[in-house]
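Next come two complexes built around subunit A: one with subunit B, the other with subunit C.
Presenting the complex of A and B:
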């Protein structure tokens, strides 16, 4: 119950935050929420079902490109384009999953498979003419009007969309963990043989985890496309993005509901803080953020391998996964 | 003639030329406790793996209540009514004791709430009721063995396969588990097939014994007869504790 109160306070603060802060902090908060959301999505696979994906940029990119292309070509509003975007990403995820799980490609080898598919797709989009190839794809920027359905409008619109998505993903994964499927995932994560001997269809449960995770992730991609209005294969499908997605849940606490959110706050604030500090002193250092992320990961893995949240939850005396 | 619950027909399994199980046939009758004994490496666990779908047999068939379940996956075998424990225990280490058993109970329960209730009841039965909230990783080996039984039992099996669940238990703990299993068998009519080296447990529980040696069945029958069988004494019981 204490965890619920904490969440309520945090959510209320985030709801009223835009009234109190300027444009830059708002942009940072949007980034935090975006990575918290993607972290929650990735956590469904790794944290709950124990399937390591290092290629989640694939789903971000597919979601972004599909929704953006449908909007640019047919004027399909983002919220409608999100459906085919999620379908395409889910199919890609299921394809990779089927290949991996049928042929018993597990653990690190499965992770390599996910990297391979993300990289293939990046190269494919680099050479695909009608989405602009390597010179990128752009959405027309329209000033002055706000349209939630089309995801067109000022940053504050995107802020509330990001907040809504993160809250919804949080609540959804909380609910999922209390279902038969959620239990199946945890059992498989802990011991697949024992799960199977308990009547869990391991293949199907794993495929379900991939489906949920890739669909959620692709919606993050749709958000990305309409928020930034531009996408380049080498960025959106990049290995670096896949890594960035997984940092928040690892630092916050794998397999916990609150971990990705906490991790994203800590990481993004660290990264943004360092960058603006360096800029303040006139030290433009490309890659500084990555170095900070790397250091943060190193410290966490050594000092709190289970992540920040389990430790913080104990100190606050709230439920470990609340 | 008693009702046959499970029939193993000519089961064989080789690992790189080694015949771990070689043309083994036996039946388990409804409501009985059958023990599968034999020296180390005799093929007992492999037999379980074939019955419970952990691996498919090279030859032979597994018939459960007249239905051919040969080649079923482990989860299909479980749903068909075969619950099994693992000789090397495989708890869901990161989950609580209750959730461990709830995973098994979900096989028989309609929803998570019901599964948790079932799990609680099974844990009470196995004297683990006071440890429901502890993580499975914190349990001692005897408790892990009991947890393994609880998880398998919670799946609501028609046939419970127990692979050396007495190993590592102190004599009093062993007697207690025998008492619990005997109760399940007599009161609820649960059919049990158990692999066991602890002969005092076998003699108290089993109504019949099948003996494996080098992957082959070398004897079968009532406990008193089997333990006097010269072939069995020769290969196995000569060395085992009686």
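Presenting the complex of A and C:
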């Protein structure tokens, strides 16, 4: 009960936040919600089913490119383009999953397989002429009119879309964890052999986790495309992007529902806070922010290896799922 | 036809240095069972050390190699003792986060101190070449590859014939057994991490003869080391060299036949095939 009340308060605060803050804090909040959403999507695979993916940038990139290309070529609105985008990304995820699980590529090896596919795709897009290759793909921007279906409009539109996506993904993963499939994932995460022995179809449950995770992640990619209006293979498919996606859920607490959200708040504010502090003291130099960020990450990992949320939840006296 | 011979030979020589770098990763994973995600960052750090010494002392990287290897041994030893040790036996993603944090600090530390520009080490024999039958071999590559093979051989002899090497292998083969007979596993792990990093130091020093040092190179090199190790077979010393040569040749051919920016496409393709068809690697043992 207490957990729900706290969540309700947080959601209400986020709902009214744009009225109280300026353009820059709003942009930071959008970034936080975007990474919280991607973290929740990734967490379905790693946190719940125990499948380590280090190549989630692949699904972000595919989602972004498919929806953006359909909009730019045929004027298909983002909300409709999201369907083929999710289909393409899910098929890619299922393909990688089927290969990996059938050939028994597990743990770190599976993670390397996901990196290999993401990098492979990055290089392909770098050389693909009709999506602009390495010089990037851009969406036409028209100022002045707001259209939710086409995802065209001012930052505040994107803020509420990001908030809605994050809240929906949160509720969906909460609901999923209480289904038969959710319990199958947890059983597989703890011990795949025992799960199989108790009658869980491990292959199908794992494939379901990959499908849900890649589909959700690709929708994050659609959001990215229409919010930023530009994409470069080198950025959107990069290993660095994949790592950014997994930082929040791990720092927040792997396998918890609220971990990705908390992690995203902590990490984004840490990054932005360091930037403004360094600028304030005139110390902004390339690399300075990331060194401090890395040190903070190191401290968090050393002190709270299981993530911040399980510890904070105990402090607040709420269930660790929250 | 002869141009292909030259390209393949150059790929083999470069690949041997890749192999040495991957050997460092393989040694650490084989014994400590931790995947060193800061591998490329440490390699690039060694490249910068070689560049600094070449600039200030005018020293040939081949001569400063022992100093740099020793420095990285110390780095590896301390890293294991103070940070990695606590994460032994913990879930893989926690180890990953730890080494990721270390890699972020090293990479951006280099960026902060030396900036983003490429740093080039000029040696006197940079444009010399050997004639071997119909082939023309770059002198730098011949020296670097020769040093890489000699060091790999030395490492093999160390693990095979010295007491310390045997003790380290014992930890890898049977940890419980090693503890039962009274081996100081913590110290041996730290020494292994140090040795792995010393190998990285050596390979970085050789790499700087062939490639300019930039901080951005680090991520690429980490992935390259993974590819080589997986293709060759984790824990197989000969496998690392074979994997390195394969990748070196595939990069060289792809760079010549298609375009240099496509060269790693084939490396990743090769990685995917090996992961699916022979996950223990070409020279690894099936477990």
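To be clear about the criterion, the second predicted complex is superposed on the first by the 308 of 322 C-alpha atoms of A that agree within 3 Å, B and C clash if a C-alpha of one lies under 4 Å from a C-alpha of the other, contacts with A are read in each partner's own complex, and residues count from 1 in each chain.
In this text, contacts are C-beta pairs under 8 Å (C-beta built on N, C-alpha and C of every residue); 3 or more make two chains touch, one makes a residue touch a chain.
In this text, all values refer to a predicted model and were calculated from it rather than measured experimentally.
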item: First, second, both or neither for A:180, with subunit B first and subunit C second; value: first
item: Touched partner set for A:87, first subunit B, second subunit C, both or neither; value: neither
item: Contacts of A:200 with subunit B and subunit C, given as first, second, both or neither; value: first
item: Partner chain(s) touched by A:295 [first = subunit B, second = subunit C, both, neither]; value: second
item: In the superposition, subunit B vs subunit C on subunit A residues touched; value: C
item: Which superposed partner A:28 touches (first subunit B, second subunit C, both, neither); value: neither
item: Residues of subunit A contacting subunit B in one complex and subunit C in the other; value: none
item: Residues of subunit C defined as touching subunit A within the complex; value: 35, 83, 86-87, 90, 92-94, 97-98, 100-105, 107-112, 115-116, 215, 219, 223, 226-227, 230, 259, 261-262, 264-265, 268-269, 271-272, 275-277, 279
item: Touching residues on subunit B, where the partner in the complex is subunit A; value: 52-54, 73-75, 78-79, 83-84, 86, 90-95, 99, 102-104, 106-107, 111-112, 115, 151-152, 155
item: Residue numbers on subunit A that touch subunit C, as the complex places them; value: 46, 52, 99, 103-105, 107-109, 112-113, 115-117, 119-120, 123-124, 126-127, 134, 239-240, 243, 246-247, 250-251, 254, 285-291, 293-295, 297-298, 301-302, 305-306
item: Subunit A residues touching subunit B - in the complex, by the definition given at the top; value: 178-180, 183-184, 186-187, 189-191, 193-202, 255
